[in-house]
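Here chain A shows up in two complexes: once beside chain B, once beside chain C.
This part shows the complex of A and B:
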């Protein structure tokens, strides 16, 4: 069953990579005039939540009738330039910061005033899982009964990170990672990458087109990955003392620690998959021979245990455990030659 | 919205239409016909199970102008006013936005006035658990002895938040989650009357997604009907909700039963590539395993989502698997479906659930002379939640003890300590997360009177645990577990003392006095021991004896 197929190819996909069913759902909501007043888009970072939200907003704000932004009217030009006065994007100051109640109040004040340009106002609340409890609660009333012209789009990594009362007031659209093929094709079609590189990026992206496009623009991303993988490889042969030094260095910067663990998670999952003989969905395709070597050396059970160890460490870091200790414990769990 | 939402349009208008709450309806009807109407009711139950609906039915029934047996008639002026939401004597209050004591005071002032046109004034207070404490207290007196013309219905999804003094003044009815077939039957009726074309499979998928809430099912149907152009198919429902095919689910379980890792992981990967939501898929696997267990235990119950053609395969799977393995797998997949772990790799929890469900037999059946150092890694590295440790897998301490059986000290205490260790870590975790991580890096070495000696590899770690607060936490948790008040002493482990140094029990002697290893025979033998090899390679130890 190919789901992108079963959703049917509508004439226009809003220029969005994949997620055809979601695009169709939103387009039909517009054409049948059954637009809900609140939507929740969830999915991993880079999967396309914001892109979808902006496209939906442009379609809602377009002065022409229909589910597809005309691209010519004043509203569309403003939306494209992200200058539309009836489109609000609210988010925390930076990733990891709080979305504050003052920001919600400010939004509520603005939503209370009728639209400037057209018939609707659209508010996009990015990374809503970062909203403080009071901010989320403050939004409840607006979510339930916003002004008739307002449509609220919440974006979050996962529905379970939000208050259940928030989720139940929204139409929930959960964007799943895309097949590597779809991403590869999109990269090639848009002239962003040569077929060979597109193939690699599509696999590395883990189904997130946003990541793939970022990697095209930011060459450092791939270099950094290569460096981290080399280090991981040398760590396996290193004595405990060297590992602990590495952990100490890693613990100094939470962003680096997170990035490294994420990469290790991918790596050991791949090793586990190779060891199990399920090689269809590997991420690190460019280093297959090394994956194979690790899989042969450590076997299925050992690599699975390592995945769990990395997962457990990531979980502890997320809960604010002492980073250095957590990483040191992980270092002792890493397999060695 | 051009049209009223389905769940509002199809709100039941007679007692007969209410689905799945027979125990409530029966009691209420009996009370009505015998004229024993209570003055305060508490309706408690999950969302979308019919609390507000029943409250409105009650308002109609007590006020209806038709003869008693026919109430509510839906024809008289009162019934019609309620159906259209304009009866002045039915007062619905949203307690979530009127939480304060002033709102209750206002209500109390008005409750004394006689009804406008009906026999009774019916107050429906929704989400009543949101009232503040003083608001609840202000309500108490009115709730106990309201004027004869007033009836209160309190509705809530969280009955445990209601003060006991309020609950004891009400007749309480517990609303249940609706069974799957009841939801499906109701959806079929709606679809038929609305002239919507829909596959039965599609309706079942919607009903499963709704997990017992009729409102969820109806709004989902609403959403999907506007999504589908013509006939609503199961494939469309699956695409929107990210549900996997039952064929894929069946294949994963088959692979699990056969112990075929490659096959199972491939099926999972293909499903995820096709857009299946990993959590959904985990839920589906849990459902399938449940059906499998039901078949295996010859319960005679077949869940409605099991199709005819699936049944023979279920029976085959049931014949070739053990209930213990299945129960274990249910736990693991359930965790994958509900665990709030990081979403870096959405499908990873699902894959790990499958891998873990596979692994225990492999470990048990694996080559026995596996070095202890390798075995040891499992309990250390797996997530510390107790449910993660399958019942069928030998508990970690057993493995450790087995390895040390040769030189275990005679007394009970150290053995008990070793056994307790994973349990100790788990008990420590909620109290102090980083301390738990810290304690993973140390080992209990010995027990000297009431002092437990803990060995650390690094001075930094030892110093951390010795800090006043940490030390107290460790001692508290450990004392609780052991059942006697203990103190801890933290020492640096000597270079030669390798990881798995067994616990020894000393009455008064110092911990490092007696070497715990059996009498050595030759250096070569030492070098073969993985522990000693580790000590030599990593810590720079030398064999001198």
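This part shows the complex of A and C:
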């Protein structure tokens, strides 16, 4: 029998899609009063790191002091409106920008004084992989000797992008992409999508409920994906000059470049799976005929090599290689008709 | 809410609480002032989550209520109103505050008072310790400047307040200097305790207690999170800094090899002259102390040298006991401490050029200031 069931915790999983084990672990930390001073939540963008962090924060700040926020007290109302004076969310100005040392210093100044309303202060540092080296080093001091009332939640795409000294000072919780079923069910249960659309979004989301929910609300997201895939398809038949022009345009905006590479990676992985005859966990199910066509034309080895090439390019961009050169090299490696 | 008060009272109240407003915070409500009817008075409050100030002004309350309005807009508006009666009314549906004074009328869009952080003002049920206002003000002036402004060691950005028997001791240190002041309490404290208050909060307390004559009542909330300073019609509440303050008594040297007594104003003037050159040389200023003989007085020679701008030497008469010594200090630190010493003469105790110097007002045993020396740089 499930332990948490007997403890009556699972009746309310903080309203989070999936990640039951993580919710249970954090709830148990509250009930047994064994809360760490710092946690690191990792996982791809949209997997639910911030949702989990905000729910944990709400439970930590709730005046009832239970594992499940009561939702009625003043603290819960303020948390729900993101107005709680003892809850700090620190992040870079926008995706792709730096999280600066000044922001860490400001947070340290705020954490240095006792909580205003409750017994705790909770700081959420979003996309901590964007922290500059000096910002990350500055935070080390707080991670080593945090005030007794402080709980620090670091969010990052991957632990390996952070300083090992930071990671080793946190309880690390890695959120894995969710099964498509779980996401489909959540979308339907919450009345966000009809079953058919939910099925598609669940597959396209790559296991990230946040992405699926965003796609429901923001129609542009799906259109953008469709456009990028159309472009990818036409690039395959395009001459080298057109490919290089495309690389140049992509290189101008690092966010677009990252997004495009992510999509390409996902596409070529699907092509590779189709070519290998393993079609159980495809992402781009809505374009199956095109996947099939690519798989037939390029075969397993060629598509696997393309996956490698895209991965290598993404990795180089992450390491600050010249974006235009990196993308041009990738363009020359893309399979051609 | 429907309330009337005098423009002057409102303007004065706002000038007191206005300093705690934090306009650039991520919480928009912190840029606002809270207005609450409280008995027959109007309470104004502002907080930046570190310091909260509440102030009561006389008012005629016709209907109870509360609202927060943007501080900048409200303060500018009130200052622009004629010195007459101001009538304020809250339009609940739109959370808008309507103001009328003389022939002007204005509406300010507010934020629900429920969103405003709780700023405690109540010391009922907590033991409050009265402290003489003037003594507290001068102790803050003599100590708070020595606290660190660098956030890497949060503890040192605070001032230790140590309550023991009939004494309150304030201490601050930033790693280069230490300032300690002890003042008498009218009544003994039942249980000794320590708190660390952010230096910024005490500086603000010093500012708003300028006209205070009655004792300031100090109390700590039962959760030991906050300290309340209660003045007449005003309460300043500050969050506390968590942790243990370094044992400052260990830092104060117990003996000296050279004891120098000099005129405070003359020493300060010599330091200000030295600063002109020292500011380009890491603020290094040398003190050459020479004992006198039976016939001639001793000397304190203050000098600073800059490779670019030149040099400066001031010779002061001094009463010197012990050995001759040459020692260097950061002249800014000397100026800061000499500026808050109120006695005509000041003493400087030194042992070696690499050990800290101790500065005390002559005739006042309750103030001690310790400064680390700098390398003589020869």
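Simple rule for what comes next: the second predicted complex is superposed on the first by the 326 of 337 C-alpha atoms of A that agree within 3 Å, B and C clash if a C-alpha of one lies under 4 Å from a C-alpha of the other, contacts with A are read in each partner's own complex, and residues count from 1 in each chain.
Rule of thumb we're sticking to: a contact is a pair of C-beta atoms (placed from the backbone, for glycine too) under 8 Å apart; a residue touches a chain by one contact, two chains touch by 3 or more.
Fair warning: this is a prediction, and the values are worked out from it, not measured in the lab.
> In the superposition on chain A, see if there is space for chain B and chain C together, and answer fit or clash.
Fit.
> Is chain A touched at more residues by chain B or by chain C?
Ranking chain B and chain C by residues of chain A touched puts B first.
> Does the superposition put A:34 against chain B (first), chain C (second), both, or neither?
In the superposition, A:34 contacts chain B only.
> Is A:147 touching the first partner chain B, the second partner chain C, both, or neither of them?
second
> For A:241, using the defined touch cut-off, is the partner it touches chain B, chain C, both, or neither? Pick first, second, both or neither.
Only chain B is touched by A:241; chain C is not.
> So, A:81: does it touch chain B (first), chain C (second), both, or neither?
Touch status of A:81: second partner only.
> With both complexes overlaid on chain A, does A:278 touch chain B (first), chain C (second), both or neither?
first
> Once the structures are superposed on A, label A:119 by its partner contacts, choosing first (chain B), second (chain C), both or neither.
Touch partner of A:119: chain C, not chain B.
> After the superposition, pull out the minimum Cα separation from chain B to chain C in whole angstrom, please.
Least C-alpha distance after superposition: 11 Å.
> Can you give me the overlap between the chain B contact set and the chain C contact set on chain A?
Residues 141 of chain A touch both chain B and chain C.
> Across the complex, what residues on chain C touch chain A?
26-27, 29-30, 47, 49-50, 114-115, 117-118, 151-152, 154-155, 157, 198, 223-226, 238-243
> What residues of chain A sit close enough to touch chain C in their complex?
Contacts found on chain A: 77-78, 81, 83, 85, 88-89, 105, 108-117, 119, 138, 141, 147-149.
> In the complex formed with chain B, which residues of chain A make contact?
It is residues 1-4, 6-8, 21, 24-25, 28-29, 32-36, 44, 140-141, 157-158, 160-161, 168, 171, 174, 176-180, 206, 239-241, 244, 262, 265-266, 269, 272-273, 276-278, 280-281, 300-302, 304-309, 311-312, 314-316, 318-322, 325-326, 328-329, 332-333 of chain A that touch chain B.
> Per the contact definition, I'd like the list of chain B residues that touch chain A in the complex.
My answer: residues 1-3, 47, 96-97, 222-223, 226-227, 229, 235-236, 238-240, 242, 245, 261-266, 269-270, 272-277, 340-348, 351-352, 355-356, 359, 362-363, 366, 374, 377-378, 380-384, 433-434, 436-438, 440-441, 458, 461, 464, 537-539.
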